[in-house]
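First the structure, in the form of structure tokens, and then the observations on it.
Chain lettering (A, B, C and D) follows the sequence in which the chains are written, and residue indices restart at 1 in each chain.
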Amino acid sequence: MVDKIFEQTERIDKKIQDIQSEQKELNVSGKEDKYFENEEKIDHLKKLRSDLLDQCRDLTPEDHVYIARLSNRPHIKDFIGALFTDFFEQRGDHLCDEDEAIYGGIALFHKIPVTVLGHRKGRTVEENVACRFGMPSPEGYRKAMRMFKEAEKFNRPIITFIDTPGAYPGMEAEAHGQGEAIARSLAMMSHLKVPVISVVTGEGNSGGALALSVANRILMLKYAVYSVLSPEGFCSILFKDTSKKTEACSLMHLTADELYQNKMADEIIDEPLGGASFDPVTVYDELDRAIYRNLKELQKMSPSQLLADRHRKFRRI
Amino acid sequence: MVDKIFEQTERIDKKIQDIQSEQKELNVSGKEDKYFENEEKIDHLKKLRSDLLDQCRDLTPEDHVYIARLSNRPHIKDFIGALFTDFFEQRGDHLCDEDEAIYGGIALFHKIPVTVLGHRKGRTVEENVACRFGMPSPEGYRKAMRMFKEAEKFNRPIITFIDTPGAYPGMEAEAHGQGEAIARSLAMMSHLKVPVISVVTGEGNSGGALALSVANRILMLKYAVYSVLSPEGFCSILFKDTSKKTEACSLMHLTADELYQNKMADEIIDEPLGGASFDPVTVYDELDRAIYRNLKELQKMSPSQLLADRHRKFRRI
Amino acid sequence: MTEEYIDTDPFEMCKGCHRRSRRSQWESHYYVCPVCGKYKNVSAGYRFSLIFDNKSFKVINRGITSDDPLNFPGYKEKLRSVKERTHLNETAVAAVGKISGVKTVAVVLDSRFFMGSMSQAAGERITRAIEAADKHKLPLVIFSASGGARMQEGMFSLWQMAKTADAVEEFSRNGGLYISVLTHPTTGGVTASFATLGDITLAEPGALIGFAGPRVIEQTIGKKLPKGFQRAEYLYQHGFVDAIVERSELKKTLTKLLMLHGCKVTGGTPW
Amino acid sequence: MTEEYIDTDPFEMCKGCHRRSRRSQWESHYYVCPVCGKYKNVSAGYRFSLIFDNKSFKVINRGITSDDPLNFPGYKEKLRSVKERTHLNETAVAAVGKISGVKTVAVVLDSRFFMGSMSQAAGERITRAIEAADKHKLPLVIFSASGGARMQEGMFSLWQMAKTADAVEEFSRNGGLYISVLTHPTTGGVTASFATLGDITLAEPGALIGFAGPRVIEQTIGKKLPKGFQRAEYLYQHGFVDAIVERSELKKTLTKLLMLHGCKVTGGTPW
């Protein structure tokens, strides 16, 4: 459903933009009649747009999946740019290769040095290819582990951003130990002596998402989804039929609300109607406050308390 | 010089063998004259052989290099077979690939569980190729590091066997961080909390050898060599002339005696005239006693004493 | 304890060569096809009796059974019918017994139960087994086999990866010895958690071992996978498996490994 | 302190494009060729004045100079003549100063002295600098450049790898911050010891960085190496270098990194 709404809002936005640029010219040339006529048109279109988005109050889980995957949704680089300062990128696993599907480094968060990293899908086609649409190779998880270890050495809190269709299913990835890389990341994260906060911002699928989210706190954007597998994979395994996606999405309990109810998400970050891309700044603001609050809480804990806290979270499931 | 002697001894050995197999037949057929004639021949040949090997009392450093590289010299698998029991091979770096140029695992040494590993040159042509003649890739050093870490976890002493022309100079090796892999191995070995004994058995060249020999005790077989670079590389860098190898070998101070004098080798394991391949068992026996004695000494030390002991050894150079 | 299929047919077919062999034949060959050598999946009970002295062992954590955390349509019924058909009550079974005199905790994932998929109950059983080994300072052996996550349990299944990896890491930091044995097939979340975190990794010949399933990879890369890819032998070649061990040799190898890790084993060294 | 070449010619040639530029031009361009952008090797003194506040710093360990441990024919004489020609007394120079207010230990390997080859004295100076940083809990920055081992010192050169790696590991375990800056060329034993053990690894544009030298690799594989192989940009692409930093930006980057590691820097954040 939501895709239809977005198609229409996109058309309306385009129209509004066209008229708005016409208005600028009219303003100069002084054709007032036409000018006011246009203003009315714009008001009407904005009303239409708002009515349309109003329908987004009641979205299906499948709609959430759709929004979570939107390419104009804020990505890791947007979040780092908006929430952190003085970012310094770190590269490579120092073992085999650089994996662009994991992006991260050191930065300041409210003047606190932190390690920040996450999945990177890329925005342009070239970036998408370089990042394999956010599907990491073992090298990506090992790069993350390298950053985790350094964060621990320098006592830096860790903040991870989750947005991945899953680990990359390729031949080289398997040959280089995709399974073991994820397993080692889970094991390492479970025993990190520093605060770890994960934010699910888009889609968090399968072990590829979990590998970066063994955290003390898991925050989810309202329209983010987090699930055992992609809905498509779920369909093909359970129903041997990929057309049952709508049903699958409803059965999977993958929305932020459902995860919150199941005590897997600790907090939900509100999004405007239609999702973060309709007004990213308000999302950044709320996310900033939420991370800061949680971080301050976690910083009061000793290393062994942090470990125990994280252990409890995953042990009880 | 020694190559000429070995050529001749090889010919003599062949002759002795031929006559000896003839003797067996004669013994059955009863042709006594011929039989005793042959016995005399054998005695004569053995005298010749012994006189020839006698010339090996005074070998040049270049001769040592020649002997150290002999393909029939005992290799890592021979040493493991002779000195250890219950060997269990461990494979791979669990990061990228298996490197056959490093061979090792867990075994018992006088009923003590130890981690044993070293360079593997291979004996057949196929093995040589698979092992790159004992030149490890970064994966090989990372495999060694994996074994070091496990040895430390289970408090197993580590025994390494050094026999390498150096780390492999290839494109993929560089792309996968050959330098960093060696550096990490040096750093890790320097801080291992268990006893480490290294035995230089053949040629130990360059960082590729050092990466496995940051040990509490370094034993060297009498004809083993250990040097900053291969004599050929040394010639080409310093003299821009590879024909000056004889001179280079003399200048490099690479023999066991010279290293002992410079306090880099702690002990020299005697070899029979002509080298270990002429009587491996006596070498195994002496090596066994030497490793056992050193191990017992080291096992009396606490982890911090072991670290301090190793630190002192390399710090004073 | 027996969890074998109850079947009166004295013959049983091999899934590899489709030849039928006598049950007694299968048994004397450790359930490796007497004709083509293909490994047959075996029950937890059989595994235990194979490695534990006098076939004697105590099953632990058997009370933990699959719940239906998401109220997934039809799951409860399917669980019931699978339990009836297989005479199993979960994919993971844990037991304590002696291997050549060394008290050891062992876990077997039985792929006949929901294709060895990871459920909350299975994860809990495995975690408790690891915790028991940690508490009593016993060696741990896990025979993995899994088709992946139990879809019907969604995120509750996924998080078992973190839970079990955490438990193994804690066990390992406390100095515990964990031998992981990969059997056919070990894929998905099991491969990406406890199964690849062993101090020593063994595999049965021919076992499929990987994170992504072969079909998914083929769809992604758009071509057929080469023969032998993701098989135990391939992993051995690439150094992710220390040894490929015939089922008939398994107890010997475990005994040797226990001894090499300082355990006092009984009965000589017959390798 | 100055260790520049003494030369009266007001022009100096670029080794890249062979164009001659005025010394003042070179200087204002941080000794990066004003014509083609190729990086020129610079002295330790210049490096220090570039990163330390007010060009103020104290050289340490200067008393340690190369010995001739193997009595190598002609080495003493060569040492003497190189010292006279370059006005340097060893390849590694260490100093303490403040980077944007943060007291820091820095080491520079000057490749004009015996091609930056690692001698016992250089290894000792580097080790003492690391130990000083460890003792006084100061950050450490090392500018590496090396053609490899000092052949004339044989094994005494080789073992500097172990000595320096040991020192870095100890420093790191004690929580020290080490920023490694790789400059042209960093090869051989230096690459395989302290230079690749940094918490953060930076490189100058175009720097050759590798363990084996390109010629040795070409001889081994029997073909020409592709353009750009083993260059800083290649290592960045493959993730062994975190950032490639222009010389003019170096102090800014170091300041930022010090700040990100909790040091109190002065003078704002001008990046």
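A few points about this structure:
Here, a residue touches a chain if its C-beta (ideal position, glycine included) is under 8 Å from a C-beta of that chain, and two chains touch if they have at least 3 such contacts.
Keep in mind it's a predicted model, so treat the numbers as computed, not measured.
Each step here moves to a touching chain, and the least such steps from subunit C to subunit D number 2. Ranking every chain by how far its Cα centroid lies from the centroid of subunit C, the top place goes to D.
Inter-chain spacing, taken between the CA centroids of subunit A and subunit D, is 41 Å.
Inter-chain spacing, taken between the CA centroids of subunit B and subunit D, is 35 Å.
We define each chain's centre as the mean of its Cα atoms; on that basis subunit A and subunit B are separated by 55 Å. Multi-chain contact residues, meaning those touching two or more other chains, occur in subunit C at positions 172, 238, 240.
Shown for subunit A are the residues that touch two or more other chains, namely 94, 97, 175, 177, 180. With chains as nodes and touching pairs as edges, the resulting graph is of another kind, matching none of line, ring, star or complete. Pairwise chain contacts present here: A-B, A-C, A-D, B-C, B-D [touch as defined]. On the side of subunit B, the complex with subunit D involves touching residues 167-171, 173-175, 177-180, 182-184, 186-191, 206-207, 210-211, 214, 226-229, 233-234, 237-238, 251-254, 259, 262, 264, 310-311, 314-315, 317. Remark: subunit B residues 85-86, 88-94, 97-99, 105-108, 113, 139, 143, 150, 153-154 touch subunit C in the complex. Within the complex, the subunit D residues that touch subunit B are 69-70, 72-73, 120, 123, 127, 148-149, 151-163, 165-166, 168-170, 172-173, 188-189, 191-197, 209-213, 216-217, 220-221, 225, 229-230, 238, 240.
Subunit C makes touch with subunit B in their complex at residues 172, 175, 177, 199-200, 236-243, 256-257, 259-262, 269, 271. Residues 94-97, 138, 142, 175-177, 180 of subunit B touch subunit A in their complex.
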